[in-house]
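Below, each structure is written out as structure tokens.
In the two complexes below, chain A is the common chain; its partner is chain B in one and chain C in the other.
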Partner chain A sequence: MSSSATQVNVSNNVTAPSGALMAPIVQMAIRDISVLFRTPWIIISRSLAFVIQLFVFAALISKLVNVTGLDFFQYYAVGSVVGTIASISFIIGYDIFEEAEEGVLDYLLTLPVSRRQFIIGRALGGAVRAMIYVIPMFVIVAVLENFSNPLSIAGALLDLFLLAFGITGLSITVAVSVRNANRFDVVLALIELAIARASTALYPIAFMPSYVAALAPFSPVSFAADSTRAALIGASLDLVSLAGLVAFVVIFLGLGAAFYFRRVEGGVYA
Partner chain B sequence: MVVERDVRILFSDSFLVGIMFANFAIDLFVTAATFGRLIPGGDYFLYIAPGSNFITASVAAFQSGRDVWREKHIKDLTSYLLSLPAPRPVFAFSRIMGGVVRSLIATFPGTLVIAYLYGILLGPEVLAAFMIVGLFSLGIVGLSITAASFVSSIEMFVTVRSAIQLYLSFLSTLFYPVAVFPPALTFLVSSNPMTWAVESFRSLPQSHGLVGPVSVLVAPSLAFAALGTLCYLWYAKL
Partner chain C sequence: MIVFDKAGKRFGNLDAVRDFSLTINDEEILGLLGPNGAGKTTLMLMMATVYRPTSGTITVQGLDVIGQPNDVRRQIGIAFQDPRVDGILGAFDVLNWHLKMTTALSKPEREKRVEDVLKALDLWDARGKRTWLMSGGMKKKVEDAKVLAQRPKIAVFDEPTAFLDVPSRLLVWNMIRELREEGSTVIVATNMMDEAERLSHRVAIMNLGKLVAVGTTEQLKNTQKGGEVLELTVGDGPEVTQDLLNEFSEVSQVRKVENRIMVYLNSGRLLLPKIVETLTGYGFKIDSVHLKEVTLEDVFLSYTGQRLE
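Presenting the complex of A and B:
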């Protein structure tokens, strides 16, 4: 606890140079990025899922979908990138849960990093590594669908980053709220499934049953999918979806931080 | 006793069974219902509905492999298992059967829902529906224990599980008929256990006997179960 008190003081030192405050955040983020890339199996399985979804499922199901004005392959291709980044962003929760189970969290808490820097660094690391991971897939879709406007691409990448940042916060919230390992696995998988399936990532809202269509507009994956499509296909900004994404990030980063502190510090937030 | 132990492990957290049903409900009432509206002609919703239940069955069946892996690498239960007063092949096959019973329990409500949608809930075909789910689960439990026997880390097991589930879901007739596949893939699709299972289920309302639809799964499922049993014996050094 004495160590955390020291960290509280450091984090409250508003006169510290911004570079000194940023360095630990960047260190935490770099650690999380390297952790993901040290576990190639996760990357292999998610990449395989993306490739099969795009080149088998989307290609074949597009032959069956016959809706005027809807290029379903293009729709699904953009949505599958959004779905994949959501999926990979959830992995940070598994990392944090495992660290707590294996006692690595205790070691991490002894590092000379304030709690606030610690949580921001972890969330940032989770989001950045998801971006690094998904960019090759984004490139595949951009080449296939001939998306070449730099502003549209930048807008789409911003949407993806915001989604990744928010989901990282959501994943951390779940990781520190659920104690049982089996239950944690299944709860996280269920949340992942629910927010991806009940969203506009994979199919247009007009074709959803009414009970799904009522919820889908509020899924963060819908915000990201709509905004990304607006940027790439319509070369425009979907401000409502963008605002929804920002709200999602703020809410779940805040919740993630609050739950994390409550777990490690018994409720003392600093 | 061994089967009962495995079932008790499943129900040690009954929340898990509920979550599996929730997964099934999302697959059926969100994804399948939406694709049913998106794809014109015929009743696509009914076409893909059985697949939702078989996906749940495969998830439940793969839990057996995960448990076996955890027993050796995390819980260090090998010595305890070696001390049990049961012939080892019987014990190993009982683990497989335990996985099948767990899968049948996890998919019980789903099988009833799909049987209702197919109009066979009150007929003898419902028994065939459970037999198809059970036989499919038998093969997948065998596969999952085989996978658990050869992987050294849980990440690798999860990757193998994902690869098998991708094959079962997307390279089968779960979502689309075999005719839409390129000729190069038709062999993979036709030899997929998911194809056999969903096609058997779809044929139930029109079948004139229960043996025909079920029989196609018997030999491959028993073969996978035998493989899983042998691998488990070798893996646990039983």
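Presenting the complex of A and C:
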């Protein structure tokens, strides 16, 4: 032992502050984000995969696609960023499922944070984490395609953030609704596949098979992809898509919170 | 003060905690003993507002766990049985984040407190090591350190010295006592009789979700008539029942655990030959006989029918 217990410099007990609304939310979010910075190799490997996808796959396909008025490389590049942030935003659900299985969730729920702050903090942390992941990819696309209008860039980042925030809510909802670990993996993977692939992120609706084209306009990834392209390429606002994104965020944060409370109170994680 | 008033928690058809009533006084160390599945963890998680009681009430420092959960959580710190730490973070970061969430300390104060506790627990040199790479004992100390650094009004330790070597165990016990001396109320859930006996002002015994006994260790020992236990190690023999030794009015209880029969009685020294003779007459092959004063373990066995290992 390097020192005895009596050497500990103690002061009076200081209880957690009350009344602060944002501080616990921010701290919960920082916890999720700090985990990301402990594993920078994940960001690096994902960025490399993105670059390869862009300069090999997108470059190749864009030579095959010859449609008047469509710069497919540009279309694909922007859509890839949107698709990537959607995919990464789902990770928070896996984190929460794992925390519940390992009992870390019990610990987190004993902290002096209201349940609403907890949910918002986790969703915010997941969304900011996803944004940090895709910023390098966004910069690559912006440089390649010469997107330099600050308002357009701000609008596009807002779209990406809203999508990430909504998907973290969706992911949390699934994490607390599905009990079996294998079923959880399958369900989340299928949802991810459906909303990312049946979307306008990578392909225009006009070229989709009819059964995919029927679904794609309702995908939140389509809302984000269309709105981001409108901001970056058209320098305009796609209000319908933006409204769709906001509705997506509200619905799934609400559902995530509702399912979360019910699940915890039901003692499923005991 | 913590007041449980007929508190209960039901999960589906299972009553994890039933009709639990107990008042824990300020600045008291309460030892909570119970076999696995007795409901200790559920009880603590109800008190910490993680689970909502399905019956009865629980108040912590006068705050109702259902009506004022956020205020209750500000009073409490829990060190879990299995360490609940982010494996990817080091001990310093784990504690620093925990204090950010649970105290109003300034950054320098917080970091100083983390440093002090990590040094006291001999973890300072490993402060940056990811906790998933730590040994079970080190991880357990990080878990305990969260509450020792937090210094909450209500400190809960679930098996605080599991996986720890003897010097570390003594150190943690001292730090828990210091916490109490500073004004914290402490609950120690444990399976170790010596831990409960050495640390606690009172011991509460839970079994099958219910509180079956509470008192100082002396009071609990005194609940066993005469305060003596005859422990017989036996080979083959018939089923052991209470009426086996009915003819002796001094025998208050008979329990059998594995190959040992525990006879709780008065005047053991005088009765010993007669009891041995009676049991032999029933066909028991007695390998050894040991007469002793009642220990907390005997009390526990008497109330729960189980031994803690």
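The definition used in the following text is that the second predicted complex is superposed on the first by the 237 of 270 C-alpha atoms of A that agree within 3 Å, B and C clash if a C-alpha of one lies under 4 Å from a C-alpha of the other, contacts with A are read in each partner's own complex, and residues count from 1 in each chain.
FYI, a residue touches a chain if its C-beta (ideal position, glycine included) is under 8 Å from a C-beta of that chain, and two chains touch if they have at least 3 such contacts.
It should be emphasised that the depicted structure is a prediction, and the values quoted were computed from it without experimental measurement.
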**Prompt:** So, A:Q53: does it touch chain B (first), chain C (second), both, or neither?
**Reply:** first
**Asked** So, does A:P24 touch the first partner chain B, the second partner chain C, both, or neither?
**Response** second
**Request:** Kindly classify A:I135 by the partners it touches after superposition: chain B alone (first), chain C alone (second), both, or neither?
**Result:** neither
**Request:** Considering only touches as defined above, state whether A:I251 meets chain B (first), chain C (second), both or neither.
**Result:** neither
**Request:** Would you check which partner chain A:V113 touches, where first means chain B only, second means chain C only, and both and neither mean what they say?
**Result:** second
**Asked** First (chain B), second (chain C), both or neither: which does A:I191 touch?
**Response** neither
**Fill in**
chain A residues where the chain B and chain C footprints coincide 39
**Message:** So in the complex, the part of chain A that touches chain C is made up of which residues?
**Reply:** 1-18, 24, 27, 30-31, 34-35, 38-39, 102-104, 106-107, 109-114, 264-267, 270
**Request:** In the complex, go through chain B and note every residue touching chain A.
**Result:** 13, 15-16, 19-20, 22-23, 26-27, 29-31, 33-35, 37-40, 44, 153, 155-156, 158-159, 162-163, 166, 170-171, 175-176, 180-181, 185
**Message:** Looking at the complex, which residues from chain A come into contact with chain B?
**Reply:** 39, 41-42, 44-45, 48-49, 52-53, 56-57, 60-61, 63-67, 72, 180, 182-183, 186-187, 189-190, 193-194, 197-198, 202-204, 207-209, 211-212
**Asked** Hey, which residues of chain C end up touching chain A in the complex?
**Response** 9, 11, 16, 42, 45, 48-52, 69-71, 73-78, 80, 82, 84-86, 88-89, 93, 97, 100-105, 109, 112-113, 116-117, 119-120, 122, 124, 130, 148, 151-153, 167-168, 171, 174-175, 178, 182-184
